[in-house]
Amino acid sequence: MSQPLLDIRNATKVYQVGGGIGSKKKEVVALQNFNLTIADKPATITTIAGESGSGKTTLANLVLGFTHLSSGNIVFQGKDISDMTHSEILDYRQNVQAVFQDPFGVYNPFYRVEHVFDLVIKNFKLHKNDSEARDRIEAGLNAVGLRGEDILRKYPHQLSGGQRQRIMMARAYLIKPKLIVADEPVSMVDASLRAAILDVMLKLRDEENISFLYITHDLSTAYQVGDQIYILYQGSIAERGPTTSVIDKPHHPYVQLLVDSVPQPDPDDKWETDIELPDEEVMRAADAKGCRFYPRCPNRWDHCLTAAPPLFEVAENKHEASCYLYEPKVAVKR
Amino acid sequence: MSEAQTSHSNTTAKAKNWADAKPVLKVDDLRIHYETPKGAVIAVAGISFTLYEGETLGLVGESGCGKSTTAYGILQLIQPPGHIVGGEIGLEGKNLIGLSERDFRRLRWTKLALIPQGAMNSLNPTMKVHEQIADVIVTHEGRQSKEKIKQRILDLFKTVGLPARIYDMFPHELSGGMKQRVCIAMGICLNPTVVIADESTSALDVVVQRVVAQTLLKVKELLGVSMIMIGHDMGLMAQMVDRIAVMYAGKIVEIASVHSLFKEPMHPYSQVLIDSIPSLKEKKPLKITEGITHDPRNPPPGCIFQLRCPHVMDVCRSKEPVMRELKPRQEVACHLYEVDAKGEVKNVAASA
Amino acid sequence: QTPRNETVIFDIDGGNVTAPTNFNWMVPGTARNQGMHQAVWEPLFILNYETGEIMPYLGTSFTANESLDVWTLKIRDGVKWADGEAFNADDVVFTLNLLLGDETMTLGGAADMQQWVTDVAKVDDLTVQFNLKAPNPRFQLDYWSVRIWGGIIILPEHVWAGQDPFTFTNYDPAKGWPLGTGAYKLTSASETRFTYERDDNWWGKDVGIPEMGISGLPAPKYLVWEVTGAEENKVQLASQGELDSIMDVTLGGFEAMVANNPNIEAWVDGMPYVWFDPCPRQLSVNNMVAPWDNAEMRWALNDLMDRQQIIDVAYEGTTIPSQTMFVEYGGLLPYINAITGAGMTLGTTADVEKGKALIEKNGYALNSNGFYEKDGKVLSIEIQTHEAFIEKARIAAVLVEQYRKAGIDASTRAVAGATWDENKRFGNYEGVLDWDACGSINEPWNSMNRFTSRFLKPIGEASPGTNNHVRWSGANNDAYSAIVEKIGVLPLGDPSIEGMVVEAYQHLYDDMPFIPITQARKLVPFDTTYWTGWPTQENNYNHPATWWMSTHQIIHNLKPTGN
Amino acid sequence: MATISANPKRKISRFNRFDNPWLNPFLITGVFLIVIILLGAFIGQFTWDSDLALVGNSPLKQPPVGVSHTTLRGTSVGTWEHPLGTDGDGRDMLAVMIVGAPRTLAIGFIAAAAGMGFGILLGFMAGFMGGRVDDVIRIASDTTITIPSILVLIVIQSVIPVNLVGMALLISAFAWPGPTRLIRGQVLSMKESGYVKMARISGASTFDIMFKEMMPNLIPYLAASFIGNMQGSILAAIGLEVLGLGPQRVPTLGKSIYWSVQLSGLSQGLWWWWGFPALILVVIFVGLLLINLGLDEISNPRLRQKVE
Amino acid sequence: MKGITLVYFLRRFGIFLLTVWIAATLIYIIPRMAPGDPISAMVARMTQQAGYIENSDVIIAGWRKRFGLDDPWYLQYGRYLKNLVTFDFGYSLASFPTTVKEIVFRALPWTLGLLSVSTALFFFIGNFLGAMLAWNKTPRIIKGLIPVSMIFTSVPSLLAALMLLYFFAFQLGWFPSLSAYGRGIVPGWTWTFIGSVMWHAILPIMSIVVVTFGFWTLGMRGMMITVEGEDYVTLAKAKGLKPFYSLYRYTIRNAILPQITALALTLGTLVGGQVLVEYIFSYQGMGNAIFTAIRNQDYPVIQGTSYILILTTALAVFIMDMIYPLIDPRISHEGN
C-alpha cells in the first residue's frame, strides 16, 4: 500500500487579525483540527464545500504554501511541507498546482497570455528547446479545447472568462502535477461555460491521473464531479464522505439545511418552508468549546456544549458527521 | 406542445389573470452603447419587453450580456461612456425618454426603484443606515417629523426581517445578508410601481440567499409591486419568477413563462442554459457548448448566437431573427422555427 | 495712527527683531539700534566724520595725562534721566564697575574695558577718572565717541543696582523702563516696529547742547522704526512717502524711488549718490595655504582684479576703488596721499599681462581648459561669502568671472554667517570676501594694528578677534609690526606718524596679504517730503548712518516741512 | 448621462484617435511642453553664447527687443544683441533661460529619481517583508514627514558646499516617504493578487515577482508619483535658491528670481528679469501637471471614462 | 465597536512619542554637524561694528560655558530631552537672555492665526474646485477656468507674495503692505486692533492660499472621480436625490476623507512654506522667527521652532488616527 498523496493531519490555522502597530490583535480560527487524506491512486476529485468564511480558501492557501499552519501537518508524499528544502519546494510546486476563482486576476495584465506558460516552462525547466516547449503548450491547450494561435498572443482581457479559466487548466496540464487545488474554479464563469471546465477536470483526472482538491460552495457541481466531499462549518468538518452519499442523505443538521437551501431549478418544486436566521451576534457567539453550530441547530441540546463533537460514522464507506446525534451511545440515550 | 399548454393552464391563480393584467412598464427597442477606444460596445441591442402589474419578470443570461445595462438603462443611470442610443421606455403609458432631468428625478424611486447588484458597495459607508433610507423619504415626500420617519423605517425593517437595532448602525457593521435586506427595505420604502432587483442575492451564501430571496418574495406579495429580477442562477429563477426573458449578447432571445421555459425551452441558447443546470438529484453527463461569444463591438450579421449555436443554418448568418410569439406567451427569436399556415410551430432542423 | 507730519519713519534692515523687549544693551539679543541708541540712550561724545573731531554730548571733555594712561571725564551739568534723576559720575562709575566686575567678560564692553581699565574713580559729581593699564591715545575715540556705530552706554544706577546684568531685560513700561536721558521715550516695541514719543521734559529743552548746535526740543513728535524686509518693500514704501530714512539700497532701487517720489535725496546729489561706510571691502587670502602663501601669487590676484568692472557691475558705478587699505575719509586722507605718493597705489583696472606673467613665473601653464596648471594641479581659489550680505556675493560673482577668464579656476560659495566667521578665525578658507581692515576713521593705527604679528595664529587656531586672520607672517610682517607698535603709543595727530605709516605700509604692499577692492558705499536715501535737515554732502554736519548712535544729532537737526 | 447623448459621433472620433492610453491628450501636451523647453535649451546651447549667462558679460538692465526702459539716467531700448534683455548684474536673459531651464529640470529629475529609488526599495521591503521591517519603515517615514524639511535643508545647505547634484540629493532625502507609502500599499494589495500567487506557484523567485510581475504594473503609479515628486523637488530647490543658497555661479531660474527680488527688479520695472524665469517655471509646471493628469488616466481607468 | 480602546490609544500614543523623539533628536544632531560655532558668530555680531576685541576668545569661552556647550554631549542631549517636555529650550543664542520659549510663544499666535485661516481657505477652495472639476454637472467654462487659476501653484511662494504685495498694496493700495497691524495701534483686545490685524492678514493669507490650493484641487479631483464611480453614488442618483445633496452627502463627504489625512501630514510643510511669505510681509510669526534663527545659527531657537512644528505635525497625525473612525466609520480601531 503506497503512502497517500496528500495527508493533512490535525491542521489548525489561526489568523491574527489587526495587529501590526497600533491595534490589538484578535484571533480568528479559520481552520480547526482538520484532517484530510487523498490517496495516491487512483486520482480523485475531493470537494471542500461550506458557507462563506468557513475556511475553504484558507485550506487552499495552506496546501499551496501561501500561509503556514498554526499547528498540525501537511504531508505530501510522505514529506512535511514545512520541512522542505528550497529545491524540494520547487519540486512540490511542480506537483501541486492551482486554479483560482477569479479567472481575470490570475493574469498579469501587463503581459500576453503566453506569459503564464513561459513562466512555468522557464522556472520548472520543462523544455529542451523552444519548439518542444511550443509543442507542449499546444498539447496542453488542445487538451482543454483551445488552439495556441488563437490565444497565446492575446492579452488576457481579450479573452472570455471561460477561455481564461480553461487556459489555467491547460497550464496545469502542461506541468502535469499530481494535485490541482481548484478554488472555486467555476463560480465566476457562467452556466453554459461551467460545464466545459468541469469536463476538463474530469478528463484530467481520468486521463492524466491528476487529483483535485475542488473547493466550491456550489453543491450541485460538486455532486456532478466530486468523488469525496468535505463540508466545513466555521473551520471544522461538519460532514464528510462520498459525494453522492453525503448530498443524497445528509446527516448533520447544517448540511441538511445547506442541501435544502440549494434552489431547485424546477418551478414546480418551490421552497415550502421559510427558514430563519438567528441574529448575527448569536451566530458569532458560538461557544468555542462546544459545537459551533449550536446556536442555529434545530436539534441542539446541552450535551452539544460540552466539547466540539468528533466525527461519527453515519453510514458505510466512511461517511461521517460531526454531530452528537450520531454518537453511538448518546444516540441511544436520546 | 400540449405539455406546454397544460403546464401553462394549471399554474397558480395569479397566472390565470395575465390575460387581463395591466402592463406597467413597456420597453421598446432599447439600445445602449458604451463608447470605447476600439468602437462602441453594443451592450443592449434593441430589446423590447413588457412588464405587467404584479408580475415578476426574470432576466437571465451570461455574464456581460447586458442585463445590468438594461436595468440601468430603464432608470437612465448609464454612466459615461455609455449612453442610450435609441428606444422607448413607457411607464404606465408615459414615455420616459426625453423627460427632463428634473421630472425624471421625481419618478425615480417613487415609481422605479432599484435593488442594486452588489449591495456590499451600494450603501454609503459614511452614512448610518437610517439616514440613507430617510433621505429618500425626505427628498420625495418633503420634510416630516423625525418620529414619523423613524417609525416608518422600523416598520420597513420589520417587513424585511431586520432587527431594529441596526437603525443606528453603519453599513460596514452589517453582514452581507443584512445589507442586502437594507437595500430591499430602501427599495420598497416609497411603494414603487416597479422594483428592479439586479442580482440581489448572487453574492450571498446559499442559506442566506434563500432567506433573502424569500424576503423579497414576501415583500413583493405584500405590496403587489411589479418586479424585474436579474440573475444568472437558474435555480433561483425557477423559485422566484413568473416569466423569464433570456438575454444573449444584448438581445432578448426568448421570453416565456417560467414553466414553459424550464419545461420546453425553444431557443437553442435557452436550451443550453437549461441543460447545463447541474442537478442535485441525479448525476448526469455534463453538457458542453463550444464556441465563444463574438466581440460585442462587432456583432456578426444575422443571428447573434450563430457562433455557438448547435443548429446553425445558412440563414442565421445573414438574416437577423425577429421575436415571434410561437406559443402563447412564449416569444422566441430563432430561424429554427416556422409557423405554418395552420399556426402550428415546426422545427426546421427536425423536419429537415 | 500717529500724524504723518509729526512722525519720522526709519527703516530697520535685516529681518525681524527676535527679542524686541530686551533693552539690556550688554547682552547679545538686545534691541538697540531700532531707536534706543539713536533717540533714547545718549552718547558721551560724537565723532564728526567730516572733520575728524570729537564733539561733546553728555560729556564735555575727556582728557589724558602726559603718559596717556590716566583719563579724566567731565560730565555736562544738568543732564537728567527721563524720570528726573540726575545723570552723574555715580552712574558712570557704576557702569564701569559692572563691566570690570564681569569675570566671564561676556557682557558687551566688558572685555574692552577689562583690557584697558584698571579702575575708575569718582572725583566729583561731574568728574570721573579712569586709570588705564597701559597708555592708550585712542581711549576716548574708540569707546566713548561713536567711532563706529555705538559704544558703551552709561546705565542709570538707580535702575540697574541689584539687577542681574545677564538676564535683566530693562523693560517695564509701567516704571518707565527702558530709561534714558534722550528726548524720546519708547511707547511700543514689537518684532517689526518700535515707536517713540517725544519727552517734552527732556533735560536739554531749555539749554540744549550748544557745542552740537542743539537748542531745545527736537522737532519730530514721534519716531518709528519699522522692519521693511526686502528691498522691493523699501522702494515701494519710500515711493509712497511712507519712509523718511532708509538704511541702504541699490542704485536701481534708489532710482525707482526717486522716479515716484522726487523729494528723496541722498548724501550726494547725483551719481554716485553714496556715502562711504568705514569698512572697505577686500579679498582676504589665506597666507598659509599654497599657492597663495606666495606673495607673487597674491600679487597676481591683485593684478588680475578689475576694480572698475566690479564697480560697474556689482555697484552700478556707485563707489570708488580702494587705493589703499584705508577708508577714504577726510581724517585719513593725509595718510592715503602719503602712501600713494610713495607709489603704492592699487590699480583701478586689471593688468592681466602682469598678473599672468607672475603666475607663469611660478611654474604654471595653461591647460586645455584654459586654466593654469602645475604638476597636474589646476590653479584654483574658492572665495567664501557671507550668505546674508548680497553686496559681497555680487562682488565675488564678478571677481570669479575675472579670475576664470585669466585662467584661475575660481569659484564662490555663500556660507551662513556663523560658518563664515568661524572659517575666517580658524583659517579654513582660500579666499574670503570681508572687511577686516576696518577700524580706522581719523587715524591709521586702528586698522594697521589688525595685521600685526601678535595676532598670528596657525591654521586651526582661532585668530583673536579675527585680527590677522589672513595669517600674514615673515620678515615683512615683523618689520611692519614693529613700526605699528610704535605708532600705537604716540598721541593722536603726532606729526611723526605719517612717515612711519608709509614705511610700514611698504612692507604690507610688498606682501599683499589681502587685496583691498572697493570702498563700501552706502546709498542712504532720505525723504524730504515731511522733514528736511538730513545730512548731505552740502549740509555735512555729520555722516548719514541713521543706525548709529550719532543719530541723536540728525534727529535734532530735522525740521518739518509743514506738509 | 441620462438623456440620449446629443452627439455620439464626436465622442467616438475623439476616442479613436487615442486608441493607446499612453497617447492621451494630457500626456502628449505635457510631454510636448517639456520637450519644447529642453529642445529650446538644447538648440540654444549651440546657437547662443551661454557665457552671456554669467555676471558682467553683458550690459546691465537692457530691456528685451521692442521694449524701452527709462531711468533717471536715461532711456535704453532693447536690441537683438540681447533679445530677452539683461538683468541687473549683466546676465543675458536668453542665455540664463538656456542654461537655467535644463538645470531646474535636472534638479527636479535627480531629486525625484533618488527619492523614487529609495521609495521603491523601502516600499517593496515594507510591503514584502512586513512585520518589524514594515514598522521601522513606517516610523521612519512618519518621522521624516514631521520634520520641517526646509529647515534642515537650509541648515545643511548653508554650511556644506553643494553642487547641483548634491542639492538634488539633499532634497530627495525628504522626497521618499510619498513613494514608499504608495508602493507599500500597492505591493500589499498586489501580493494578494491572483497573478502574484500564480507566479509563486509557478516557481518564480521573489526577485522575479517583485520586478517582473509587480513592477510593470506599478509603472503608471510610479511615473505619476515621479512627476509629482519632480514638481515638489523643483519647488524645494527654488525655495532654497530664493533664499540665496545652492550652487552659486551658473544661474538657475530660482537664482534669477532671487536676484530680482533682492535687487528690486519688480519696483524698477525690470519685468523681464523675474518674468521670463517665472514664465518658464509655469510652463514646466503646467507640462508636468499635464503629464501627471495623463498618467493618472492610465493608472486609474475610471478617469478615462470622464470624457466629455 | 467604534470606541477607542485603551490599548490602541496607548500604542498609538507610543508611536507618537517615538516619532517625536526621533525627529527631535535629528533636529538636535543636524545643526551640530554643521561647522561654525554659533557662539563665536554671536560674539562676532556683538562686536562687529566695534572694530576688534582683543579678548574675544575669552568672551567666547565665557558664553560657551554659560550655554553649557562645553558639557559632554550626553549631558547636553539629556538636558535637551528633559527640556523638550517642559518646552524649555533655554536661552536664544542670538537674543540672549530672551528665552526660546518666549520667542516661540510670542510668534506662535500670529502664525496660528495666519495658518488656520489660510489652511481653512485653501483646503476649502482647493477641495471645492476639485469637486467642481470632477462633477459632471459643472459648466464647461468653469471647468476650463479652474486649471488657469492654478498657474500660481507653479510660482515660488516668494514671487507670488511679492507680486500680490506689489499689485494689491503698492499699485492699487487696497491692502496694507507690511507688519501684522497698523502703525500707532496699541495691541490689545480693541476693535481697532483686531480690525487692523485682520486687515493686515489678508495679503499674507492670499499669498499662501494662491500657491497652495492647486495641489488640493488636483487631489480632490482624483478622489472625486474614484468615488463617483462607486456603486453607492449611482444608487444615490437612482434614489432621485437632488443633485447637490447627493454630490455633497454621497460624493464629497467620502472623497474628502483622504484629503483630511493628507492635510494632517502636510502641516509641517505648510509652516515651512510660510517662512518666505512672512519674510516678505515682515510678519511677526514663526516663519520669520525661523528665518532669523537660521540666519543667526541660533540653535536653541531652531530647535524650539522645529520642535513645535514636529509636535504639531505628529500630534495632527496622532489626532487624525484617533478621530478618523469618527469621520470614517469604516475604519475601526480593532479591525485592520
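Letters are used for the chains, namely A, B, C, D and E, taken in the order the chains are written, and counting of residues starts over at 1 for each.
Simple rule for what comes next: a contact is a pair of C-beta atoms (placed from the backbone, for glycine too) under 8 Å apart; a residue touches a chain by one contact, two chains touch by 3 or more.
Computed from a predicted model, the values in this text were never measured in an experiment.
Counted as hops between touching chains, the shortest connection from chain B to chain E is 1. Chain centres here are means of the Cα atoms, and by that rule the chain farthest away from chain C is B. Among all pairs of chains, C-E has the largest number of C-beta pairs in contact. Centroid to centroid, with C-alpha atoms defining each point, chain C and chain E lie 38 Å apart.
Remark: chain C and chain D have CA centroids separated by 45 Å (rounded to whole angstrom).
The distance from the centre of chain A to the centre of chain C, each centre being the mean of the chain's C-alpha atoms, comes to 89 Å. The centroid of the Cα atoms in chain B and the matching centroid in chain D are 52 Å apart. Contact of a single residue of chain C with at least two other chains is seen at positions 230, 232, 236, 239, 387-388, 415-416, 419. In chain B, 77, 79-80 are the positions where the chain touches two or more neighbouring chains simultaneously.
Multi-chain contact residues of chain E (touching two or more other chains) are listed as 15, 34-36, 136, 162, 166, 229, 294.
Every residue of chain C that touches chain E in the complex is listed here, in rising order: 1-2, 9, 15-16, 18-19, 22, 24, 27-29, 104-106, 108, 110-112, 114-115, 142, 147-151, 166-167, 169, 188, 190-193, 195, 222, 224, 226-230, 232-233, 236-237, 239-240, 387-388, 415-423, 425, 428, 438-439, 446, 450, 462, 464-467.
Against chain C, the residues of chain D that register as touching in their complex are 54-57, 60-61, 71-73, 88-90, 158-159, 161, 244-245, 248-249, 261-270.
By the touch criterion given at the top, residues 72, 75, 77, 79-80, 105-110, 113-114, 116-118, 121-127, 135-136, 139-140, 170, 172-173, 186 of chain B touch chain E in their complex. Looking at the complex, you find that chain B touches chain A at residues 62-63, 161, 163, 175-178, 204-211, 213-214, 232-239, 258-259, 262, 269, 272-274, 276-280, 283-284, 286-290, 292-293.
Residues 34-38, 40-47, 49-60, 62-63, 65-66, 92-98, 102-103, 106-107, 162, 165-166, 169-170, 177-180, 182-187, 279-284, 288-289, 291-298, 301 of chain E touch chain C in their complex.
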